[in-house]
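Consider the two complexes below, in which subunit A is the common component and subunit B and subunit C are the respective partners.
Showing the complex of A and B:
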(Lines of atoms letter the chains of each structure in order from A and count residues from 1; the text may use other names and numbers.)
(Lines give C-alpha, C1' and ligand atoms only; values in the text may rest on other atoms or scores of the structure.)
Protein backbone atom coordinates (compact mmCIF):
# COMPACT_ATOMS: atom_id res chain seq x y z
CA UNK A 1 0.00 0.00 0.00
CA UNK A 2 1.51 3.36 -1.00
CA UNK A 3 1.94 5.81 1.84
CA UNK A 4 1.30 9.37 0.89
CA UNK A 5 3.73 11.83 2.43
CA UNK A 6 2.26 15.23 3.03
CA UNK A 7 4.42 18.17 2.04
CA UNK A 8 5.71 20.25 4.96
CA UNK A 9 3.25 22.90 6.09
CA UNK A 10 4.39 26.25 4.68
CA UNK A 11 5.64 28.58 7.37
CA UNK A 12 3.92 31.91 7.69
CA UNK A 13 4.91 35.09 9.43
CA UNK A 14 2.87 36.09 12.48
CA UNK A 15 2.79 39.84 11.98
CA UNK A 16 1.55 40.48 15.53
CA UNK A 17 4.86 39.13 16.82
CA UNK A 18 7.07 40.71 14.14
CA UNK A 19 5.72 44.24 13.67
CA UNK A 20 6.61 45.25 17.27
CA UNK A 21 10.28 44.48 16.56
CA UNK A 22 10.24 46.60 13.41
CA UNK A 23 8.90 49.45 15.50
CA UNK A 24 11.23 48.91 18.44
CA UNK A 25 14.37 48.68 16.30
CA UNK A 26 13.54 52.04 14.74
CA UNK A 27 12.68 53.56 18.12
CA UNK A 28 15.84 52.34 19.87
CA UNK A 29 18.23 53.47 17.17
CA UNK A 30 16.52 56.79 16.57
CA UNK A 31 16.14 57.67 20.26
CA UNK A 32 19.17 56.30 22.05
CA UNK A 33 21.74 55.82 19.31
CA UNK A 34 20.81 58.86 17.23
CA UNK A 35 21.06 56.94 13.97
CA UNK A 36 18.37 56.96 11.30
CA UNK A 37 17.14 53.54 10.27
CA UNK A 38 15.33 52.12 7.27
CA UNK A 39 13.43 48.97 8.15
CA UNK A 40 13.41 46.47 5.29
CA UNK A 41 10.83 43.88 4.37
CA UNK A 42 10.73 40.98 6.81
CA UNK A 43 11.27 37.56 5.31
CA UNK A 44 11.52 34.01 6.49
CA UNK A 45 15.03 32.75 7.12
CA UNK A 46 15.26 29.61 5.06
CA UNK A 47 18.92 28.76 5.60
CA UNK A 48 21.70 29.51 8.11
CA UNK A 49 23.26 32.21 5.91
CA UNK A 50 24.06 35.05 6.09
CA UNK A 51 26.59 34.77 8.88
CA UNK A 52 27.41 37.57 11.28
CA UNK A 53 30.28 38.76 13.44
CA UNK A 54 28.42 40.20 16.45
CA UNK A 55 25.09 39.06 17.90
CA UNK A 56 23.02 40.01 20.93
CA UNK A 57 20.52 37.33 21.98
CA UNK A 58 17.50 37.83 24.22
CA UNK A 59 15.35 34.89 25.27
CA UNK A 60 11.61 35.00 25.83
CA UNK A 61 9.65 33.00 28.38
CA UNK A 62 6.15 32.90 29.75
CA UNK A 63 3.32 33.25 27.26
CA UNK A 64 5.79 33.87 24.42
CA UNK A 65 8.81 31.58 23.97
CA UNK A 66 11.85 31.64 21.75
CA UNK A 67 14.51 34.24 21.14
CA UNK A 68 15.36 37.40 19.29
CA UNK A 69 18.83 37.98 17.91
CA UNK A 70 20.21 41.32 16.78
CA UNK A 71 23.14 40.63 14.46
CA UNK A 72 25.77 42.80 12.86
CA UNK A 73 28.86 42.68 10.73
CA UNK A 74 31.88 43.96 12.69
CA UNK A 75 32.25 47.37 11.10
CA UNK A 76 28.58 48.22 11.50
CA UNK A 77 28.57 47.05 15.12
CA UNK A 78 31.65 49.14 15.97
CA UNK A 79 30.13 52.25 14.40
CA UNK A 80 26.75 51.82 16.11
CA UNK A 81 28.32 51.11 19.49
CA UNK A 82 30.38 54.28 19.13
CA UNK A 83 27.22 56.26 18.38
CA UNK A 84 25.41 54.64 21.32
CA UNK A 85 28.09 54.75 23.99
CA UNK A 86 29.92 57.84 22.84
CA UNK A 87 33.20 55.92 22.77
CA UNK A 88 35.00 53.93 20.09
CA UNK A 89 35.32 50.42 21.47
CA UNK A 90 37.19 47.40 20.16
CA UNK A 91 35.36 44.14 19.60
CA UNK A 92 37.19 42.53 22.50
CA UNK A 93 36.42 45.33 24.96
CA UNK A 94 33.94 44.15 27.63
CA UNK A 95 32.07 47.44 27.26
CA UNK A 96 31.53 46.64 23.58
CA UNK A 97 29.66 43.46 24.47
CA UNK A 98 27.78 45.36 27.15
CA UNK A 99 26.60 47.95 24.62
CA UNK A 100 25.46 45.29 22.15
CA UNK A 101 23.59 43.53 24.94
CA UNK A 102 21.85 46.70 25.98
CA UNK A 103 20.75 47.41 22.40
CA UNK A 104 19.32 43.90 22.10
CA UNK A 105 17.68 44.28 25.53
CA UNK A 106 15.96 47.52 24.54
CA UNK A 107 14.78 46.19 21.17
CA UNK A 108 13.28 43.12 22.83
CA UNK A 109 11.84 45.05 25.76
CA UNK A 110 10.23 47.75 23.66
CA UNK A 111 8.69 45.11 21.39
CA UNK A 112 7.24 42.92 24.11
CA UNK A 113 5.08 45.69 25.50
CA UNK A 114 3.14 45.58 22.21
CA UNK A 115 2.24 41.90 22.60
CA UNK A 116 -1.16 40.93 23.93
CA UNK A 117 0.62 38.22 25.89
CA UNK A 118 2.58 38.77 29.11
CA UNK A 119 6.10 37.40 28.91
CA UNK A 120 9.56 37.85 30.33
CA UNK A 121 12.88 38.49 28.67
CA UNK A 122 16.30 37.24 29.71
CA UNK A 123 19.44 39.20 30.43
CA UNK A 124 21.11 39.32 26.99
CA UNK A 125 23.87 37.02 25.80
CA UNK A 126 26.44 38.27 23.33
CA UNK A 127 28.37 36.34 20.70
CA UNK A 128 31.41 37.89 19.08
CA UNK A 129 33.04 35.78 16.41
CA UNK A 130 33.45 36.21 12.69
CA UNK A 131 31.08 34.27 10.52
CA UNK A 132 28.86 32.73 13.22
CA UNK A 133 25.27 31.58 13.00
CA UNK A 134 22.81 31.19 15.86
CA UNK A 135 20.78 27.98 16.11
CA UNK A 136 17.07 28.67 16.41
CA UNK A 137 13.99 27.10 17.95
CA UNK A 138 12.91 24.33 15.58
CA UNK A 139 9.37 24.31 14.27
CA UNK A 140 9.09 28.08 14.69
CA UNK A 141 9.55 30.42 11.73
CA UNK A 142 12.62 32.61 12.00
CA UNK A 143 11.80 36.00 10.58
CA UNK A 144 14.61 38.29 9.47
CA UNK A 145 14.01 42.04 9.68
CA UNK A 146 16.77 43.77 7.70
CA UNK A 147 17.69 47.24 8.97
CA UNK A 148 19.76 49.79 7.04
CA UNK A 149 21.64 52.65 8.65
CA UNK A 150 24.12 55.21 7.30
CA UNK A 151 26.92 53.13 8.87
CA UNK A 152 25.86 49.72 7.63
CA UNK A 153 23.19 47.09 7.81
CA UNK A 154 22.16 44.74 10.55
CA UNK A 155 19.36 42.27 11.15
CA UNK A 156 16.82 41.55 13.84
CA UNK A 157 15.95 37.86 13.72
CA UNK A 158 12.72 36.97 15.46
CA UNK A 159 12.22 33.32 16.40
CA UNK A 160 9.33 33.38 18.86
CA UNK A 161 5.87 31.90 19.21
CA UNK A 162 3.01 31.93 21.70
CA UNK A 163 3.64 29.30 24.37
CA UNK A 164 0.28 27.64 23.75
CA UNK B 1 23.95 65.59 45.38
CA UNK B 2 24.82 61.90 45.76
CA UNK B 3 23.27 59.70 43.08
CA UNK B 4 23.36 55.91 42.97
CA UNK B 5 23.04 54.38 39.50
CA UNK B 6 21.95 50.74 39.54
CA UNK B 7 22.09 48.97 36.17
CA UNK B 8 23.94 45.86 34.99
CA UNK B 9 24.87 47.72 31.80
CA UNK B 10 27.87 50.02 32.17
CA UNK B 11 26.90 51.62 28.87
CA UNK B 12 23.53 52.59 30.30
CA UNK B 13 25.09 53.89 33.53
CA UNK B 14 27.48 56.03 31.45
CA UNK B 15 24.57 57.42 29.45
CA UNK B 16 22.68 58.26 32.65
CA UNK B 17 25.80 59.93 34.08
CA UNK B 18 26.21 62.05 30.95
CA UNK B 19 22.59 63.17 31.11
CA UNK B 20 22.64 63.97 34.83
CA UNK B 21 26.10 65.55 34.78
CA UNK B 22 24.53 68.47 32.94
CA UNK B 23 22.57 69.23 36.11
CA UNK B 24 25.85 69.87 37.90
CA UNK B 25 27.01 69.17 41.43
CA UNK B 26 26.46 65.43 41.32
CA UNK B 27 28.66 62.73 42.76
CA UNK B 28 27.91 59.33 41.25
CA UNK B 29 28.20 55.87 42.73
CA UNK B 30 27.49 52.85 40.53
CA UNK B 31 26.20 49.37 41.18
CA UNK B 32 25.67 46.53 38.69
CA UNK B 33 22.86 44.80 40.60
CA UNK B 34 20.67 45.04 43.65
CA UNK B 35 23.14 43.28 45.94
CA UNK B 36 25.89 45.76 45.12
CA UNK B 37 23.45 48.63 45.50
CA UNK B 38 22.49 47.58 49.03
CA UNK B 39 26.18 47.32 49.95
CA UNK B 40 26.73 50.86 48.63
CA UNK B 41 23.81 52.09 50.75
CA UNK B 42 25.34 50.63 53.92
CA UNK B 43 28.16 53.16 53.80
CA UNK B 44 26.70 56.14 52.00
CA UNK B 45 23.41 57.97 51.88
CA UNK B 46 21.97 59.04 48.55
CA UNK B 47 19.78 61.87 47.36
CA UNK B 48 18.53 59.93 44.34
CA UNK B 49 18.67 56.36 43.11
CA UNK B 50 18.08 55.24 39.52
CA UNK B 51 17.25 51.53 39.29
CA UNK B 52 17.08 49.14 36.35
CA UNK B 53 14.58 46.28 36.62
CA UNK B 54 16.18 43.24 34.97
CA UNK B 55 19.54 42.59 36.63
CA UNK B 56 21.35 39.46 37.80
CA UNK B 57 21.71 38.55 41.50
CA UNK B 58 18.93 40.90 42.63
CA UNK B 59 16.50 42.59 40.26
CA UNK B 60 15.37 46.17 40.57
CA UNK B 61 11.90 45.50 41.93
CA UNK B 62 13.31 43.38 44.75
CA UNK B 63 15.87 46.09 45.44
CA UNK B 64 13.16 48.76 45.65
CA UNK B 65 11.20 46.65 48.13
CA UNK B 66 14.32 46.13 50.25
CA UNK B 67 15.11 49.85 50.26
CA UNK B 68 11.58 50.83 51.24
CA UNK B 69 11.68 48.51 54.28
CA UNK B 70 14.12 50.90 55.94
CA UNK B 71 14.10 54.09 53.87
CA UNK B 72 10.76 55.59 52.92
CA UNK B 73 12.08 58.87 51.61
CA UNK B 74 15.01 58.44 49.22
CA UNK B 75 13.80 59.28 45.69
CA UNK B 76 13.73 56.15 43.52
CA UNK B 77 13.33 56.25 39.75
CA UNK B 78 13.03 53.02 37.84
CA UNK B 79 14.73 53.16 34.40
CA UNK B 80 13.83 50.01 32.51
CA UNK B 81 12.61 48.32 29.34
CA UNK B 82 9.61 46.96 31.28
CA UNK B 83 6.82 49.14 29.88
CA UNK B 84 3.61 47.22 30.48
CA UNK B 85 1.06 49.06 32.61
CA UNK B 86 1.01 46.16 35.07
CA UNK B 87 4.77 46.47 35.58
CA UNK B 88 4.58 50.20 36.15
CA UNK B 89 1.83 49.71 38.72
CA UNK B 90 3.89 46.98 40.39
CA UNK B 91 6.88 49.30 40.65
CA UNK B 92 4.84 52.18 42.02
CA UNK B 93 3.28 49.89 44.62
CA UNK B 94 6.78 48.76 45.59
CA UNK B 95 7.70 52.38 46.21
CA UNK B 96 9.29 54.05 43.18
CA UNK B 97 8.64 57.77 42.78
CA UNK B 98 8.91 57.84 39.02
CA UNK B 99 9.41 55.59 36.01
CA UNK B 100 11.38 56.00 32.78
CA UNK B 101 11.04 53.51 29.95
CA UNK B 102 14.05 52.60 27.81
CA UNK B 103 14.73 53.71 25.14
CA UNK B 104 14.51 57.30 26.34
CA UNK B 105 15.55 60.66 25.03
CA UNK B 106 18.18 62.28 27.27
CA UNK B 107 15.92 65.27 27.88
CA UNK B 108 13.13 62.94 29.05
CA UNK B 109 15.34 61.38 31.71
CA UNK B 110 16.57 64.77 32.81
CA UNK B 111 13.01 66.10 33.01
CA UNK B 112 11.79 63.12 35.05
CA UNK B 113 14.65 63.50 37.52
CA UNK B 114 13.95 67.21 37.96
CA UNK B 115 10.23 66.53 38.28
CA UNK B 116 10.81 63.87 40.94
CA UNK B 117 13.13 66.02 43.02
CA UNK B 118 10.81 69.03 42.80
CA UNK B 119 7.74 67.01 43.78
CA UNK B 120 9.48 65.59 46.81
CA UNK B 121 10.82 68.99 47.79
CA UNK B 122 7.30 70.43 47.63
CA UNK B 123 5.82 67.59 49.68
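Showing the complex of A and C:
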Protein backbone atom coordinates (compact mmCIF):
# COMPACT_ATOMS: atom_id res chain seq x y z
CA UNK A 1 0.00 0.00 0.00
CA UNK A 2 1.41 3.37 -0.94
CA UNK A 3 2.04 5.72 1.92
CA UNK A 4 -0.21 8.71 1.54
CA UNK A 5 1.51 12.02 2.10
CA UNK A 6 -0.34 15.25 2.62
CA UNK A 7 0.65 18.21 0.47
CA UNK A 8 2.49 20.92 2.43
CA UNK A 9 0.11 23.33 4.09
CA UNK A 10 0.12 26.59 2.16
CA UNK A 11 1.59 29.47 4.14
CA UNK A 12 -0.79 32.33 4.68
CA UNK A 13 -0.47 35.84 6.06
CA UNK A 14 -1.67 36.21 9.66
CA UNK A 15 -2.97 39.75 9.48
CA UNK A 16 -3.05 40.20 13.26
CA UNK A 17 0.76 39.91 13.27
CA UNK A 18 1.29 42.06 10.17
CA UNK A 19 -1.14 44.99 10.34
CA UNK A 20 0.47 46.37 13.53
CA UNK A 21 3.78 46.76 11.67
CA UNK A 22 2.12 48.58 8.74
CA UNK A 23 0.60 51.00 11.24
CA UNK A 24 3.74 51.43 13.34
CA UNK A 25 6.03 51.96 10.32
CA UNK A 26 3.76 54.72 9.03
CA UNK A 27 3.47 56.38 12.44
CA UNK A 28 7.17 56.23 13.35
CA UNK A 29 8.24 57.78 10.05
CA UNK A 30 5.50 60.39 10.02
CA UNK A 31 5.96 61.55 13.60
CA UNK A 32 9.58 60.80 14.52
CA UNK A 33 11.35 61.21 11.18
CA UNK A 34 9.01 63.65 9.47
CA UNK A 35 8.99 61.70 6.22
CA UNK A 36 5.80 60.62 4.46
CA UNK A 37 5.56 56.93 3.59
CA UNK A 38 3.52 54.92 1.12
CA UNK A 39 2.95 51.45 2.51
CA UNK A 40 2.72 48.84 -0.26
CA UNK A 41 0.78 45.58 -0.29
CA UNK A 42 2.35 42.94 1.96
CA UNK A 43 3.45 39.79 0.19
CA UNK A 44 4.96 36.47 1.19
CA UNK A 45 8.70 36.08 0.65
CA UNK A 46 9.07 32.54 -0.62
CA UNK A 47 12.77 32.27 -1.48
CA UNK A 48 15.88 33.51 0.31
CA UNK A 49 16.74 36.75 -1.48
CA UNK A 50 18.98 39.66 -0.65
CA UNK A 51 17.31 42.34 1.38
CA UNK A 52 18.63 45.85 1.10
CA UNK A 53 22.01 47.14 2.31
CA UNK A 54 21.34 48.21 5.91
CA UNK A 55 19.14 46.12 8.21
CA UNK A 56 17.94 46.48 11.78
CA UNK A 57 16.84 43.12 13.24
CA UNK A 58 14.64 42.87 16.34
CA UNK A 59 14.15 39.45 17.92
CA UNK A 60 10.92 38.36 19.61
CA UNK A 61 10.65 35.86 22.46
CA UNK A 62 7.90 34.80 24.84
CA UNK A 63 4.51 34.05 23.27
CA UNK A 64 5.69 35.35 19.90
CA UNK A 65 8.94 34.02 18.41
CA UNK A 66 10.99 35.04 15.41
CA UNK A 67 12.32 38.33 14.17
CA UNK A 68 11.40 41.47 12.34
CA UNK A 69 13.86 43.07 9.92
CA UNK A 70 13.69 46.70 8.81
CA UNK A 71 15.93 46.88 5.73
CA UNK A 72 16.93 49.99 3.76
CA UNK A 73 18.73 50.89 0.56
CA UNK A 74 21.90 52.58 1.81
CA UNK A 75 21.14 55.97 0.23
CA UNK A 76 17.65 55.84 1.76
CA UNK A 77 19.08 54.87 5.17
CA UNK A 78 21.51 57.80 5.12
CA UNK A 79 18.75 60.25 4.15
CA UNK A 80 16.30 58.94 6.76
CA UNK A 81 18.92 58.99 9.52
CA UNK A 82 19.70 62.60 8.56
CA UNK A 83 15.99 63.48 8.79
CA UNK A 84 15.69 61.62 12.12
CA UNK A 85 18.84 62.81 13.86
CA UNK A 86 19.45 66.12 12.10
CA UNK A 87 22.97 65.06 11.14
CA UNK A 88 24.43 63.39 8.08
CA UNK A 89 26.25 60.31 9.34
CA UNK A 90 28.50 57.88 7.49
CA UNK A 91 27.51 54.22 7.28
CA UNK A 92 30.42 53.22 9.54
CA UNK A 93 29.66 55.83 12.22
CA UNK A 94 28.51 54.13 15.45
CA UNK A 95 25.80 56.81 15.75
CA UNK A 96 24.46 55.72 12.34
CA UNK A 97 23.94 52.14 13.58
CA UNK A 98 22.36 53.50 16.77
CA UNK A 99 19.88 55.59 14.74
CA UNK A 100 18.90 52.63 12.53
CA UNK A 101 18.51 50.53 15.67
CA UNK A 102 16.32 53.15 17.28
CA UNK A 103 14.03 53.26 14.22
CA UNK A 104 13.74 49.45 14.17
CA UNK A 105 13.13 49.41 17.92
CA UNK A 106 10.35 52.00 17.69
CA UNK A 107 8.60 50.14 14.86
CA UNK A 108 8.80 46.77 16.66
CA UNK A 109 7.93 48.23 20.06
CA UNK A 110 4.83 50.09 18.81
CA UNK A 111 3.62 47.00 16.90
CA UNK A 112 4.17 44.72 19.91
CA UNK A 113 1.76 46.82 21.98
CA UNK A 114 -1.03 45.93 19.53
CA UNK A 115 -0.56 42.18 19.99
CA UNK A 116 -2.82 40.17 22.28
CA UNK A 117 0.20 37.99 23.05
CA UNK A 118 2.79 38.80 25.70
CA UNK A 119 6.31 38.92 24.30
CA UNK A 120 9.71 40.52 24.71
CA UNK A 121 11.81 42.23 22.08
CA UNK A 122 15.59 42.38 21.98
CA UNK A 123 17.73 45.41 21.39
CA UNK A 124 18.24 45.59 17.61
CA UNK A 125 21.18 44.08 15.75
CA UNK A 126 22.33 46.22 12.84
CA UNK A 127 23.77 44.68 9.68
CA UNK A 128 25.64 46.78 7.13
CA UNK A 129 26.69 45.15 3.87
CA UNK A 130 25.60 45.57 0.29
CA UNK A 131 23.00 42.98 -0.66
CA UNK A 132 23.22 40.76 2.41
CA UNK A 133 20.52 38.14 2.98
CA UNK A 134 18.70 37.69 6.26
CA UNK A 135 17.53 34.08 6.18
CA UNK A 136 13.96 33.59 7.32
CA UNK A 137 12.88 31.24 10.07
CA UNK A 138 11.91 28.00 8.36
CA UNK A 139 8.29 26.97 8.83
CA UNK A 140 7.20 30.57 9.48
CA UNK A 141 5.81 32.77 6.72
CA UNK A 142 7.98 35.80 6.02
CA UNK A 143 5.77 38.73 5.10
CA UNK A 144 7.41 41.65 3.32
CA UNK A 145 5.84 45.09 3.76
CA UNK A 146 7.31 47.38 1.07
CA UNK A 147 7.57 51.06 1.96
CA UNK A 148 8.27 53.96 -0.39
CA UNK A 149 9.47 57.37 0.74
CA UNK A 150 10.56 60.43 -1.24
CA UNK A 151 14.18 59.47 -0.47
CA UNK A 152 14.06 55.78 -1.38
CA UNK A 153 12.70 52.38 -0.56
CA UNK A 154 12.76 50.21 2.49
CA UNK A 155 10.98 47.09 3.68
CA UNK A 156 9.71 45.65 6.93
CA UNK A 157 10.06 41.85 6.90
CA UNK A 158 7.84 40.19 9.50
CA UNK A 159 8.97 36.62 10.27
CA UNK A 160 7.23 35.86 13.54
CA UNK A 161 4.66 33.35 14.80
CA UNK A 162 2.85 32.61 18.04
CA UNK A 163 4.93 30.26 20.23
CA UNK A 164 3.62 26.72 20.56
CA UNK B 1 36.39 78.17 35.43
CA UNK B 2 37.00 75.35 33.01
CA UNK B 3 34.48 72.56 33.08
CA UNK B 4 36.18 69.41 34.22
CA UNK B 5 35.30 66.37 32.15
CA UNK B 6 36.04 62.85 33.20
CA UNK B 7 37.87 60.66 30.71
CA UNK B 8 35.66 57.92 29.23
CA UNK B 9 35.61 54.83 31.40
CA UNK B 10 37.77 52.19 29.77
CA UNK B 11 35.78 49.19 28.59
CA UNK B 12 36.83 45.96 30.18
CA UNK B 13 36.01 42.32 29.60
CA UNK B 14 33.50 40.85 32.06
CA UNK B 15 34.83 37.33 32.23
CA UNK B 16 31.63 35.94 33.78
CA UNK B 17 29.80 36.79 30.55
CA UNK B 18 32.59 35.60 28.22
CA UNK B 19 34.03 32.39 29.68
CA UNK B 20 30.70 30.51 29.28
CA UNK B 21 30.85 31.13 25.51
CA UNK B 22 34.46 29.88 25.26
CA UNK B 23 33.36 26.70 27.03
CA UNK B 24 30.13 26.23 25.08
CA UNK B 25 31.76 26.86 21.66
CA UNK B 26 34.37 24.20 22.40
CA UNK B 27 31.81 21.72 23.68
CA UNK B 28 29.26 22.19 20.88
CA UNK B 29 31.87 21.72 18.16
CA UNK B 30 33.59 18.79 19.88
CA UNK B 31 30.43 16.86 20.69
CA UNK B 32 27.82 17.91 18.12
CA UNK B 33 29.98 18.63 15.07
CA UNK B 34 32.94 16.36 15.76
CA UNK B 35 35.47 19.05 14.91
CA UNK B 36 38.32 20.03 17.21
CA UNK B 37 38.61 23.74 17.99
CA UNK B 38 41.41 25.96 19.22
CA UNK B 39 39.94 28.84 21.18
CA UNK B 40 42.06 32.00 20.87
CA UNK B 41 42.49 34.82 23.37
CA UNK B 42 39.38 37.01 23.63
CA UNK B 43 39.93 40.64 22.72
CA UNK B 44 37.84 43.80 22.65
CA UNK B 45 36.49 44.88 19.27
CA UNK B 46 36.88 48.62 19.29
CA UNK B 47 35.87 49.67 15.78
CA UNK B 48 33.05 48.51 13.51
CA UNK B 49 34.70 46.02 11.18
CA UNK B 50 33.39 43.37 8.85
CA UNK B 51 32.83 40.06 10.51
CA UNK B 52 33.00 36.96 8.35
CA UNK B 53 30.56 35.94 5.60
CA UNK B 54 27.91 33.91 7.42
CA UNK B 55 26.61 35.01 10.83
CA UNK B 56 24.12 33.57 13.31
CA UNK B 57 22.83 36.24 15.71
CA UNK B 58 21.11 35.36 18.99
CA UNK B 59 19.43 38.16 20.94
CA UNK B 60 19.30 38.26 24.75
CA UNK B 61 16.55 39.88 26.81
CA UNK B 62 15.61 39.87 30.48
CA UNK B 63 18.42 40.46 32.96
CA UNK B 64 21.01 40.25 30.18
CA UNK B 65 20.59 42.40 27.07
CA UNK B 66 22.40 42.50 23.75
CA UNK B 67 23.37 39.88 21.24
CA UNK B 68 25.90 37.21 20.48
CA UNK B 69 27.09 36.67 16.91
CA UNK B 70 28.71 33.47 15.68
CA UNK B 71 30.38 34.41 12.38
CA UNK B 72 32.10 32.09 9.92
CA UNK B 73 34.20 32.31 6.76
CA UNK B 74 31.89 30.87 4.09
CA UNK B 75 34.14 27.90 3.26
CA UNK B 76 34.41 27.12 6.97
CA UNK B 77 30.64 27.39 7.40
CA UNK B 78 29.98 24.98 4.52
CA UNK B 79 32.50 22.46 5.90
CA UNK B 80 31.17 22.68 9.47
CA UNK B 81 27.54 22.34 8.33
CA UNK B 82 28.57 19.25 6.34
CA UNK B 83 30.24 17.76 9.44
CA UNK B 84 27.20 18.66 11.58
CA UNK B 85 24.39 17.58 9.26
CA UNK B 86 26.13 14.95 7.17
CA UNK B 87 25.17 16.74 3.96
CA UNK B 88 26.91 19.34 1.82
CA UNK B 89 24.49 22.24 1.55
CA UNK B 90 24.69 25.38 -0.59
CA UNK B 91 24.77 28.78 1.11
CA UNK B 92 21.27 29.60 -0.23
CA UNK B 93 19.70 26.31 0.91
CA UNK B 94 17.16 26.96 3.71
CA UNK B 95 18.59 23.91 5.52
CA UNK B 96 22.00 25.61 5.53
CA UNK B 97 20.62 28.63 7.40
CA UNK B 98 18.79 26.29 9.78
CA UNK B 99 22.02 24.42 10.56
CA UNK B 100 23.97 27.65 11.22
CA UNK B 101 21.08 28.80 13.42
CA UNK B 102 21.12 25.55 15.36
CA UNK B 103 24.86 25.86 16.01
CA UNK B 104 24.45 29.49 17.21
CA UNK B 105 21.45 28.47 19.33
CA UNK B 106 23.34 25.63 21.02
CA UNK B 107 26.35 27.85 21.80
CA UNK B 108 24.16 30.63 23.24
CA UNK B 109 21.84 28.25 25.07
CA UNK B 110 24.65 26.32 26.77
CA UNK B 111 26.40 29.56 27.79
CA UNK B 112 23.17 31.06 29.16
CA UNK B 113 22.81 28.17 31.60
CA UNK B 114 26.10 29.22 33.22
CA UNK B 115 24.91 32.75 33.95
CA UNK B 116 23.66 33.73 37.40
CA UNK B 117 21.25 36.09 35.61
CA UNK B 118 17.84 35.05 34.29
CA UNK B 119 17.44 35.82 30.60
CA UNK B 120 15.74 34.72 27.40
CA UNK B 121 17.33 34.07 24.05
CA UNK B 122 15.68 34.55 20.68
CA UNK B 123 15.67 32.14 17.80
CA UNK B 124 18.74 33.00 15.72
CA UNK B 125 18.77 35.37 12.74
CA UNK B 126 21.09 34.23 9.97
CA UNK B 127 22.94 36.72 7.77
CA UNK B 128 24.62 35.64 4.54
CA UNK B 129 26.70 38.17 2.66
CA UNK B 130 30.40 38.51 2.00
CA UNK B 131 32.05 40.82 4.51
CA UNK B 132 28.93 42.20 6.17
CA UNK B 133 29.28 44.15 9.42
CA UNK B 134 27.20 43.48 12.50
CA UNK B 135 27.27 46.76 14.39
CA UNK B 136 27.84 46.39 18.10
CA UNK B 137 25.60 47.77 20.80
CA UNK B 138 27.05 51.15 21.73
CA UNK B 139 28.16 51.45 25.34
CA UNK B 140 28.67 47.70 25.68
CA UNK B 141 32.04 46.07 25.18
CA UNK B 142 32.12 43.68 22.23
CA UNK B 143 34.40 40.78 23.03
CA UNK B 144 35.64 38.69 20.11
CA UNK B 145 36.52 35.04 20.81
CA UNK B 146 38.53 33.77 17.81
CA UNK B 147 38.20 30.07 17.03
CA UNK B 148 40.38 27.99 14.70
CA UNK B 149 39.36 24.65 13.27
CA UNK B 150 41.05 22.37 10.72
CA UNK B 151 38.53 23.67 8.13
CA UNK B 152 38.81 27.41 8.77
CA UNK B 153 38.21 30.24 11.16
CA UNK B 154 35.18 31.56 12.95
CA UNK B 155 34.51 33.95 15.80
CA UNK B 156 32.04 34.31 18.63
CA UNK B 157 31.31 38.01 19.27
CA UNK B 158 29.83 38.61 22.71
CA UNK B 159 28.08 41.98 22.94
CA UNK B 160 25.91 41.62 26.04
CA UNK B 161 25.63 43.29 29.43
CA UNK B 162 23.53 42.90 32.56
CA UNK B 163 20.31 44.91 32.25
CA UNK B 164 20.08 47.99 34.44
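Keep in mind that, in the parts below, the second predicted complex is superposed on the first by the 156 of 164 C-alpha atoms of A that agree within 3 Å, B and C clash if a C-alpha of one lies under 4 Å from a C-alpha of the other, contacts with A are read in each partner's own complex, and residues count from 1 in each chain.
Keep in mind that, in the parts below, contacts are C-beta pairs under 8 Å (C-beta built on N, C-alpha and C of every residue); 3 or more make two chains touch, one makes a residue touch a chain.
Because the structure is predicted, anything quoted here is derived from the model rather than measured.
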{"item": "Partner chain(s) touched by A:74 [first = subunit B, second = subunit C, both, neither]", "value": "neither"}
{"item": "If touched residues of subunit A are counted for subunit B and for subunit C, the larger one", "value": "C"}
{"item": "Contacts of A:123 with subunit B and subunit C, given as first, second, both or neither", "value": "both"}
{"item": "Touching partner for A:149 - first (subunit B), second (subunit C), both, neither", "value": "neither"}
{"item": "Contacts of A:63 with subunit B and subunit C, given as first, second, both or neither", "value": "neither"}
{"item": "Which superposed partner A:28 touches (first subunit B, second subunit C, both, neither)", "value": "first"}
{"item": "First (subunit B), second (subunit C), both or neither touched by A:105", "value": "first"}
{"item": "First (subunit B), second (subunit C), both or neither touched by A:137", "value": "second"}
{"item": "Subunit B/subunit C common contact set on subunit A", "value": "95, 98, 101, 121, 123"}
{"item": "Subunit B-facing residues of subunit A, complex", "value": "27-28, 31-32, 84-86, 95, 98-99, 101-102, 105-106, 108-110, 112-113, 118, 121, 123"}
{"item": "Subunit B to subunit A touching residues, read off their complex", "value": "8-12, 14-15, 18, 54-56, 80-84, 86, 101-105"}
{"item": "Partner subunit A, residues of subunit C touching it in the complex", "value": "48, 50, 57-62, 65-67, 69, 92, 94-95, 97-98, 101, 120-123, 125-138"}
